[in-house]
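In what follows, subunit A forms one complex with subunit B and a second complex with subunit C.
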Partner chain A sequence: MEELIAVTKVRKVFEDAAGNTGGAVEAIRRVDFRVRAGEFVSLLGPSGCGKSTLLDIIGGLERPTSGEVSIAGERVERPHPKVAMVFQLMSVFPWRTALQNVAFGLELQNVDGRSRRRKALEVIQLVGLAGFEEKYPSQLSGGMNQRLAIARALALDPDILLMDEPFGSLDEQTRFLMGLELLRIWEETRKTILFVTHSISEAIQLSDRVLVMSARPSEIREEIPIPIPRPRTIESLTTDSATRIERRIWEILKVEASKGLIGNGRKS
Partner chain B sequence: MDQGNLARSLISLKAAGLIRAFQFLILSLVFLSFIALSRAFPFFPSPFSVLGAAGALFSDGEIHSHLLVTLYETLAGFALAILLGIWVGLVLGLSRILSELFEPIILSGYAIPKIIFLPILLMIFGVGINSKIANAALHAIFPIILNTLVGIREVNRVLVKVARSMNATSGQTFTKVYFPSIVPPVFAGMRIGLGFAFLGSLLAELFEAQRGLGFLVAHFYNTAQVAKMLAVILMVFLLTISINAGMKGMENRLSRWRRAWRS
Partner chain C sequence: MAASHKMRIRLGQMATLLSALAVLEAIVRAGWVSGLILSPPSAIALAVGRDLIGVELWAGLKTTALEFVLGFFFSLLLGLPCGLLFYRFRFIGLAVEPLLLAFYAAPTILLYPVFLTLFGLGSAAVVSMAVIFGSIPIMVNVSVGLAGVEPIFIKLGRSLKANRWQMFWKILFPAATPVIFTGLRLGFTYTLLGIIAVEFITFSGGLGKMVSWRYFIFDTEGLFSGIVFVILIAVLMNSLLRRTEDRIRARWA
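Up next is the complex of A and B:
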């Protein structure tokens, strides 16, 4: 299969506000990985390990200090039109209705009103928000707002979705159900998804592969394939082999997370 | 769910009723103390003669020109304050260096009794209408600058990131993210600013003027026409309340999404 995302020797150092290297923080030491078209890959790591920074670099919002990212063979210098990002909770525009939120990206591209509306309605249907088009985010639940954020990203017809802990502030049950919803959307649309999370069970529930990251300065500690058959269900996610994967990831993360606890100055 | 909503709206209805009753009580107390004052001090007119004086001022048209002058000064000063204030607030809010340089000055400008600068304004703009407009603008501008500044600073960074990730131009980021985000705080600043603009024009008229409601109050005071003076004061009071209510209505219409949040 084709390599859609290639991350090569990416390193990121944040200098302090004055630009002194003395106060510099090395967020990412060296990260290398590839994602094939249609894959669902998770970046899993302790909080503050630089995984959001890494996602921002892949999304073209941050420049790496060295190394490079390419999407479909093209070096990323700025946000790639075939990539859409989904952020943490409350990234929707509170002053826009659901429909207007979804149409945001199309508005930026000056798509005419009628096709904008058609596309937005179609995507709203896809994420299961039909009937809520005219509601404001404040009238929707956390899970529904996150569907909205996903719909807004999908409206641009991206090939790749970069998701930064999108279900991070949802409760565990809603998070699990949103995970199932995301898998359904992924299977219907065949997007490539790179998903940042600090939840082991979420990473296992969703991914083809999990890239376990170290504490800062981060590297990829280990790549764990998740051979659990799809569609994934409560049953298939609680078999012995699934539990073994979870235990294995825990063992890696236990070490990293406690390192993170000691030197956790900067939230990334 | 429906029952909960019903209960909540019943409670808020009851609360609204209580608040109305309380406001009515306060107004009656003011009215009664007015009567008491007029009994205690012979120079203090009764509420009825104040209302009579107000009617007379209107029917003989004496007050019209003064009212228009004050309104003109206030609104012109307010408009200037909006234009300059939002502009300054935006520039400072978007530039870290400029805001570090100028924010302390703006904050002390907010705290200083600005009437102290009136003599300077009189020297620059003369004793006519322009110095009143300048004083109104000077009074109104600080809350507008500050609220714009704070509004810009508190724009949700994630929303800016969303726009950037979709390759928004900086113009689009401004009109579609920054601008709607700052509408509520800027409007709140404008509402405070309008009250201050009134203060500015009236103070300047009290000090040195030939026309305007402030001048009229001073004039009736100096000529011992207390009932008329109180009638003008009452008018200023009603005027500011109704303008403020108008602003509030406009604010609500502009931020429908927040009302949705409250319901």
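Up next is the complex of A and C:
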């Protein structure tokens, strides 16, 4: 399979507000990895480990201090047209209806009203929100709003979805169900997904591979393949081999998370 | 249940108002307070009737309305760009906004002699003073509203490659609308208050002058009738704007 995302020797240093290097913070020391087309890969790490920064770099919102990211062989310098991002909760606009929110990206691209509506209705159907087109976000639950954010990204027909803890503010059960929904959408659309999370169970539930990151300044500690067969169910996720994977990741993270606790735990 | 509850509150408000009026009427009729100081509500009602069919009120209203339209127009003309400027260049905003708010807390109305000497007695002085009252809440709220937009919305806009125009009109401006609208409502109300207050003090024209004139000639009923109209206009405008504001906020919540 072809390599769709290539992250090569990426390093990121944030200078302090005054711009002098004395107060600079090294967020990412050196990160290298590849993602093949159609893969579901998670970036898992302790809070403040720079995983969101890494995702922003891949999304073209931040420039790396050194190293480079390329998508389909093209070096990323600004948001790539084939990439859509999904952020944590409440990035949907409260002043737009569900339909208008989903169509937002297309509207920015000056797609005409009728095709916009057709595409938006199609993805709303896909994320299971049919019937809620004219509702406002305040009339929908947290999980439904997050479906909207996913639909808004899908409406752009991206090849790659970059998801930054999209279910981070949902309760555990909703989160699990949203995970199953996301897998269904992923299987239907065959997108490539890079998913940032700090939840071990979520990473295992969803991914083909989990990249476990160290505390800041971050590196990839280990790459853990998740050979649990798909479609994943409660049964397949609670077998001995699944539990063994979870324990293994815990052992790596235990060390890293406590480093994060001792160091200054700035939120990423 | 909720409707009848609301109804009861309304009835209570009406009853309070009516009994206050009845008490006033009784006090004045009993001769405890001179008719020169307080008029009985019944006499005020008659004066209101006279004003409605007279000329003075409508002429005054016309002047005040004209001055108000000009005042609010210039408040917007000054307030909106300044607000944008304070937002765009945050260091200017951070430096100037506290000064403006401090200035706002001071009794600025005392500056009216300066405006009289600058513009002469007349509408120009009235309007320019009112613009001071009206433009400050507009500029502050525009700037604060835009600066308070959720960073995630801006990040989303960048990831969707919104251009400057789209970023402003499709993200920043709608996101800041509730705060900006509050600024407009305050600007509206303060412009109106400023106009009437300056008319009142400087005796230049409009409803303010009418009330002030009646005060000087001991036309107590007429004085209160004028006050009734001014209050009615202010309350009506404010409640109208408030209702719009509530609708906006409900949508944004």
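General remarks:
Simple rule for what comes next: the second predicted complex is superposed on the first by the 267 of 268 C-alpha atoms of A that agree within 3 Å, B and C clash if a C-alpha of one lies under 4 Å from a C-alpha of the other, contacts with A are read in each partner's own complex, and residues count from 1 in each chain.
Operating definition for what follows: a contact is a pair of C-beta atoms (placed from the backbone, for glycine too) under 8 Å apart; a residue touches a chain by one contact, two chains touch by 3 or more.
Computed from a predicted model, the values in this text were never measured in an experiment.
With both complexes brought onto subunit A, simultaneous placement of subunit B and subunit C is prevented by a clash.
Shared-chain residue A:Arg78: touches subunit B and subunit C both. Comparing subunit C and subunit B on the residues of subunit A they touch gives the larger count to B.
In the superposition on chain A, A:Phe87 contacts both subunit B and subunit C. Legend: residue contacts after superposition of the two complexes on their common chain; A:Trp95 is shown touching both subunit B and subunit C. Looking at the shared chain after the overlay, A:Gln173 reaches neither subunit B nor subunit C.
Once the two complexes are laid over each other on the shared chain, residue contacts for A:Gln139 go to subunit B alone; subunit C is not touched. For the contact definition in use here, the residues of subunit A common to its subunit B contact set and its subunit C contact set are 59-61, 78-79, 81, 84-85, 87-88, 90-91, 93-95, 104-105, 107-108, 136, 138, 156. On the side of subunit A, the complex with subunit C involves touching residues 59-61, 78-79, 81, 84-85, 87-88, 90-91, 93-95, 104-105, 107-108, 136, 138, 156. Residues 56, 59-61, 78-79, 81, 83-85, 87-88, 90-91, 93-96, 104-105, 107-108, 135-139, 152, 156 of subunit A touch subunit B in their complex.
Those residues of subunit C whose C-beta lies close enough to touch subunit A in the complex are 150, 152-153, 155-156, 158-162, 166, 170-171, 174-175, 177, 251-253. Within the complex, the subunit B residues that touch subunit A are 156, 158-159, 161-169, 172, 176-177, 180-181, 183, 255-258, 260-261.
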